[in-house]
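Next come two complexes built around chain A: one with chain B, the other with chain C.
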Partner chain A sequence: MNIETIIESLVALFINRPFIEMLIKVLIFPGLMFPLLFVVFAVWFERKLMAKIHLRIGPLHVGPGPLGGIFQLIADALKLLQKEIIVPYNAHKILYNILPLAMPMISLAAMAFIPVAPFPSVGPVDYLVVFYTPYSILVVLALFAIHPFLVIGVGWASGSKYTTMGALRAAYQLLAYEVPVMLSAACVVMVTGSFDLIKIVESQANIWYILLLPIAFLVFFVSMMAELGRRPFDIPHAEQEIVYGWATEFTGVHYVCVMFAEYVNLCVASCLVTLLFLGGWLGPVLPPAAWFLIKFGIVVVFFLMGRGVYPRLRIDQLLNAGWRILIPLALIQIFIILVLAKFAPWILPVTFLGG
Partner chain B sequence: MSIMRVRWGPQHPVSGQWAFWLDVDGDIVVNMEPDIGYTHRGIEKVAENRTYIQNVPVVERTSVFDAGNIVFGYVQAVEELMGIEIPERAKYIRTIVGEMSRIVSHLYGLCLLAIAVGFETMLMWFINDRELFLDLFEMLTGARITYSFFIPGGVLHDLPQGFYDEAMRRLDYFERRLKDYWKMFFLNRTFITRTRGVGVLKREDAIRLGVVGPNLRASGVEADVRKDEPYAAYDQIDFIIPTEKEGDAYARGGVRFHELEQSVSIIRQALQKIPDGKIRVKVPITPTPPKGEAYSRVETARGEIGYYIISDGSNRPYRVKISAPSFRNLLAMPFLSRNVPMADIPTIYLSLDLIPLDVDR
Partner chain C sequence: MVFSWIVSILRPLGMAFRHIFKYRFTVKYPYYVLETSERYRGRPVLDLAKCVGCGVCATICPNKAITMVNIENRRYPQFDAGRCCFCGFCAYFCLTSALKMNGGYELSEYDKSNLIYPPEKLVKVPPPPPERKKVVKLKKLSLSTGVTHG
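This part shows the complex of A and B:
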């Protein structure tokens, strides 16, 4: 075996269409690069949006012209990476170091199941999706559901009173939003008859589910906001009450990981709302990926807006809202779907329950 | 059930320069003890070693958020000791500065209430409008926060040229904004949910605990030194004392908000009625009042402040005793913080508008 055959076989291994396609999917569009750029842009945009709402100017300096402040996050991250990692005396050393690093990994893993646009591909489906499975919505929601357990673990492992309180609040909050998320996602699954995100989008060709299932959209959006811990529901952080909740003790690289995971979660949640209720990449004239990004951006703005217009709720008020309002609303939506399926099945995209 | 003892401050984001010991059972606070003294500067002792004029900036440091009204009481006590009557114009200028100081302080207090429930927009908008009056202070006194404008015998400067027009323009703008604020913040459903029924201080408890100022008025007691014992020009000005019945955090915020509207009206009337004349009577640079004692009280933004000054006939006071409003309101804090959720502690604390500077002195 000479060197030429080795090079040839290496070329054959790497320079081929499936491999390059996979590389693009994993590293660039739905994969790593997209959430990374999203985090940089979302943090900057959030600061600018909040400044506009607050009647301030907002960040101006680190960046060119009207994009002032856009590199601030990168500068901050580089600074934080150089910081000393302080492990509290009472902390569980191993868990304290591992769990925050696991957070962005699990958040990014959810991105692998999100289809973003049709794309002639050599893979199992002709779509831009890293890993295709017919049960993608289940997988994404399951990966989402792991996050609160990491939070509880982190809060306990930090060995501080404020982190413990933050973790307990995260556990309570989990009870409030997890059931409505599942029920409202179930509405979409019932109407489509599939767990596949691609099929869910394709079935919205005639009517988006935001119009067909408005109550489910409302419930899903609100409980996703609670899942992300955005402003009316940022109870586990609650700076004014418990310093920074479960993330109080983190410094340096741990803090970077925790914040990164939060914004990647925002990215995944916005993708989910776009795919489930806003018809994903469907739309006239513009290319599908552009439609996806436009809808995605609008959803992100609404997620970010909560911080400007609402104060924070108390944990008992959130639990009340979750169990007394969101769950009954989701059940009403399911009932409406069943009534429609019985008496007006032509409205629904697929026939089920025996027609 | 085990009870966890949490130290809430002084390194906590909103605790201010003091600490609370909280006994927490799950998420419920069963007991609370304030731990004060972090900002004790011994102002009362310092005041014994300085002349009466030198003491003006010293007592101002009791609470710089409300610099006008804090000094008001001190200079009135010194004037009472020396037996001097200040000119009418000085009284009106003092009233204007006192009310502007009240507005600035109440805006700050409402900001703190917004912080407590995590309402950033309300915080920023109120802080923004504080600038309107800080600029007026700069125009009138040359300083924005600590202006030491009142001296025994009158005030330092006359109203500058163009002050009337500028002040009226800003008051008009501010009044328009206040209407929006009521709709946007005080009628916000989430804000109401977070503050209604939180930290309810009943009328009899408020009187028993000796609470003063807007906190007392929010519990339904119509007590205000400006009406009860009118000083400066308040007896010639028409205003009402806003009160609320509920005594919760929302009512305390509401009383502050309505006092903003009243203060605007008071400044307008004072600017229109202000007579011509001198702005101060001649007082020596180191006044030496005769032997005796004087007590003076005024209504600051946080409530009634009392100054008790004893003179031994020298050019320094023998004793200056300050009865500060936040210290008196502090007693309500442990009373209200029993068996409430942890999340309501900042709301109770900041709705009482307590500031550690004022408590410790």
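This part shows the complex of A and C:
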């Protein structure tokens, strides 16, 4: 076996269409590059948007012209990566070091099941999704549900009273939002008759689910906001009450990982809302990926707006809202779907329960 | 009750959206400078031709920021910006209107000794803002835009 045959076999292995397509999917668009760029952009955009809402100007200096401040996150990340990792005396050393590193991995893993657009390929229609499974919405929601357990573990492992309080608050919050998320996602699944995110999007060709299931959209959006811990629901790290909640003790790399995971979660949640209720990549004229990004951006703006507008809820208010308002609303939506299926099945895209 | 809930949720959201497109009062200071009003009191500026060296300014100055110094057998005021409280008494009481308070507000220095203005330095009207600075007129900041400071 001479060197030429080795090179030829290597070329045959790596320079072919499926492999390059896979590389594009994994590394660039729905894969690694997209959430990374999104995090850099979202942090900057959040600061700029908050400033606009507060009638300020916002960051100006690190970056060109109107994009001032866009490189600030990169500078901050570089600074934090150089910092010393301080492990508190009371901390559980192993968990304290492992769990924050696991957070971005799990968040990015959820990103792998999100289909973004049809892939412009020759032959059968392919989708820009890293890993296709017909149960993608279940997998994504399950991966989302792991995050709060990591939070609880981190809060306990840090061995500080603030982190413990933050973790307990996260546990309470979990009780409030997890059921409405599942119920409102179940509405969409019931109407579509499939757990497949691609089929869910394709079934919205006639009418987006935000118009067909407005209550489910509302419940899903609000409980997703609680799941992300965005401002009206940022009870687990309430800066004015418990320093920074469960993330108080983190320095350097750990802090970078935790914040990165939070913003990747924001990315995944916005993708989910876009796919489930806003028709994903469906739309006229523009290419599908552009439609997806436009809708995605609008959802992100609404997620970020909450921070500049609403005051933080108390934990009992959140539990009240979760159990007394969101869950009944989701159940009402399910009831409406059942009534529609019985008396007006032509409205629904898929006939089910025997029509 | 439900209606009032919905209103209380949507109203701040609408206000935030309106704020995004509103005019901002913030001036990017080193690059843009506000024009001061006519009666704005900055550092005093001396007109050597008008000064008669009477010393009223040094007498009236509450912080003793002005002292009289001799140059070529004539007395002139010397000004210490570090002590000045910008009351404007020196200009008000000046018999010949040789002192005017139109010296601007950019007075900071790296060295404390630079804060003392001998008569020949006090004469100079501060240079107009450099090329990179644009002057924002106060008219643009009038209350007609609908939002007040604070």
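Note that in this section the second predicted complex is superposed on the first by the 349 of 355 C-alpha atoms of A that agree within 3 Å, B and C clash if a C-alpha of one lies under 4 Å from a C-alpha of the other, contacts with A are read in each partner's own complex, and residues count from 1 in each chain.
The rule is simple: a residue touches a chain if its C-beta (ideal position, glycine included) is under 8 Å from a C-beta of that chain, and two chains touch if they have at least 3 such contacts.
Just so it is clear, the structure is predicted and the values come from calculations on it, not from any experiment.
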item	value
First, second, both or neither for A:Leu60, with chain B first and chain C second	second
Contact breadth on chain A, by residue count: chain C or chain B	B
First (chain B), second (chain C), both or neither touched by A:Lys52	second
Partner chain in contact with A:Met305 - chain B first, chain C second, else both or neither	second
Partner chain(s) touched by A:Val243 [first = chain B, second = chain C, both, neither]	first
Touching partner for A:Glu8 - first (chain B), second (chain C), both, neither	neither
Which of chain B and chain C A:Asp126 touches, first, second, both or neither	neither
Doubly contacted residues of chain A, that is, touched by chain B and again by chain C	53-56, 308-310
Touch list for chain A against partner chain C, complex	49, 52-57, 60, 305, 308-310
Chain C residues within the chain A interface of the complex	9, 12-13, 15-16, 19-20, 22, 24-26, 28, 147
Chain B-touching residues of chain A, taken from the complex the two chains share	50, 53-56, 161-162, 165, 168-169, 231-232, 234-235, 238-243, 307-317
Chain B - residues contacting chain A, complex	4, 6, 12-14, 24, 26-27, 114-122, 124-125, 128, 188, 190-191, 193-194, 341-346
